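In this document, chain identifiers A, B and C correspond to the written order of the chains, with residue numbering beginning at 1 in each.
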């Protein structure tokens, strides 16, 4: 059965490498994802103010679009979209007063009460396929590749929407990496913030936080850092040009596509850092 | 000018019609029913030197917002197209000071990033949908802004195609976006940069430049008025229901 | 740091109430343990500890709060919130302080002043997130 899929704006622009590799892999694994025919930006961040419902309109509209498709699940790949949509969904399910106000404000839309379940691609893979099955489907195990699993803030916080039942010490990413035949490293800063959107307002503080994360990954003797968020990939990847660290970064979906033996061209490695391509070449992973 | 005289006549003829009260900028006027808002305002003594253009509902110069008694909804229309209703409260909003970026279309690549750089405020959109709700041309404004945010300029161009550039969306936008200027930039990029150039057009332009039609044009230019009238009357029409293969009997003007 | 004076002219109970109202958090339960500062990824660079902001917020010390940078450089990573032993969702307090600023139509960043090269390079989510959190 096909499941609805919400890409988010960044996967259609700067992070095509994240999307294409994920969708092709899903298709090879027999998981059918269908993009919502109509969608808007989710808003990227969740409003933390009790009296600001306006910022909830965008994610709730997306959830209504998903409801219209008649599926009970909405799969996301981008961490920030996942976080924003999952929290908005919880709010619509649990806070009757806010739900009432939002439904009343959006008088041009059908009412919504949290009917949809928002899931991240990694969740989806674990629950629909399972790690044991994924391991069997891997044709090119990523043997000898030491990968630092990076969750950032948005996959595990707040705990209510965490992908992993143990948000303090999540293992979903390392379970995934093990299934691909890679060696996940123990990485204490795997849920520390990369600096997020502050790279715009206060790049110095944001990149100091990024450096902290990268230093921790390097100390875990990882060859490469795996992530699921295009903004983390920007701060920890591209912006390493402003930092003394030098560690390749890669989206989890690119590792998946590699392990499934899919063509390297659909991984769009040209959008990754130079040192990512260099590492893959050194390890004899085919590049287009 | 012809249009202006025509509308003044109608305004003068209308006293025979029953009158209804409307409120223009809060002041009550009795105006003949069946007039458009524009004619009713002229009847009430207003003269338009701005906020009025084609009087045909296409130029977008006469955006008007109004409200009906007992209804919270802000409604919109073009003053030249919308007929007055009893007790309507209205004001014209023909212009809004929207941010308009200047850019070099010839030198542009036609990428979404260039639009984002010209209009960074596009990312302030919160999808409140006030723009779509107010659009008198029924354009899905919120959806085309969503498309531009994610770099889908073809979709934005398609969704905004019916925009009449009236600017009412800007007046309602809490994120202070100039939606219609952003969409225009997207349509220009799609038209000038992203759509493949038509090969037959280039060929025909070359034919004209090389003088292929010079003799035919010379004949027309030197023809007498009477023979031009005869030619015009004898012209061949394309049949209403005909396949794409239809060609006129005279093949001289066609591409080989 | 400026000398701290606590009296009727420096404290604003309306401000303290407003912070409580917008955040939905009971800031008075903060016991100043400093866990929030310890886990904050932005504290060291900014030199502005969230712990101090909590104390200033409790008393509604308006001028002192205005000098603090942490709520402006907060990345909403939620780490302080999940670690607070008193169960205070500290990020919501930071958001309340941002909202109080933004509601006076004061921008904390200016989209029109972002260099064109950055606009072309930054991922969409960075722009959307920053504009939502930091522009009025």
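Rule of thumb we're sticking to: a residue touches a chain if its C-beta (ideal position, glycine included) is under 8 Å from a C-beta of that chain, and two chains touch if they have at least 3 such contacts.
Only a predicted model underlies this, so the values are computations on that prediction, with no experimental measurement involved.
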(request) Write down the chain pair with more C-beta contact pairs when A-C is set against B-C. (result) A-C
(message) With centres defined from CA atoms, tell me which chain sits nearest the overall protein centre.
(response) A
(message) Based only on mean CA positions, could you tell me how far chain A sits from chain B in angstrom?
(response) 42
(request) Quick one: report the Å distance separating chain A from chain C, using the average Cα coordinate of each chain. (result) 27
(message) Need the CA-centroid distance for the pair chain B / chain C, whole Å please.
(response) 46
(request) Please list all residues of chain A that touch 2 or more other chains. (result) 8-9, 13, 41, 43, 55
(request) Among the residues of chain C, pick out those that touch two or more other chains and give their numbers. (result) 114, 124, 127-128, 132
(message) Two-or-more-chain contact residues of chain B, please, as numbers and ranges.
(response) 113, 126, 149-150
(request) Show which residues of chain A lie in contact with chain C when the two form their complex. (result) 8-10, 13-15, 41, 43-45, 47-52, 55, 78, 80-81, 153, 157-159, 167, 191-193, 195-202, 204-206, 208-209, 212, 229-231, 233-234, 238
(request) Show which residues of chain C lie in contact with chain B when the two form their complex. (result) 111-112, 114, 116, 119-120, 124, 127-128, 131-132, 135
(request) Enumerate the contact residues on chain A facing chain B in the complex. (result) 7-9, 12-13, 38-41, 43, 54-55, 57-58, 61, 106, 108
(request) Please give the residue numbers of chain B that touch chain A in the complex, ascending. (result) 112-113, 125-129, 132-133, 142-143, 146, 149-152, 174
(message) Going by the contact rule set out above, which residues of chain C touch chain A in the complex?
(response) 21-24, 41-42, 44-46, 72-79, 81-82, 89, 91-92, 94-96, 99, 108-109, 114, 118, 121-130, 132-134
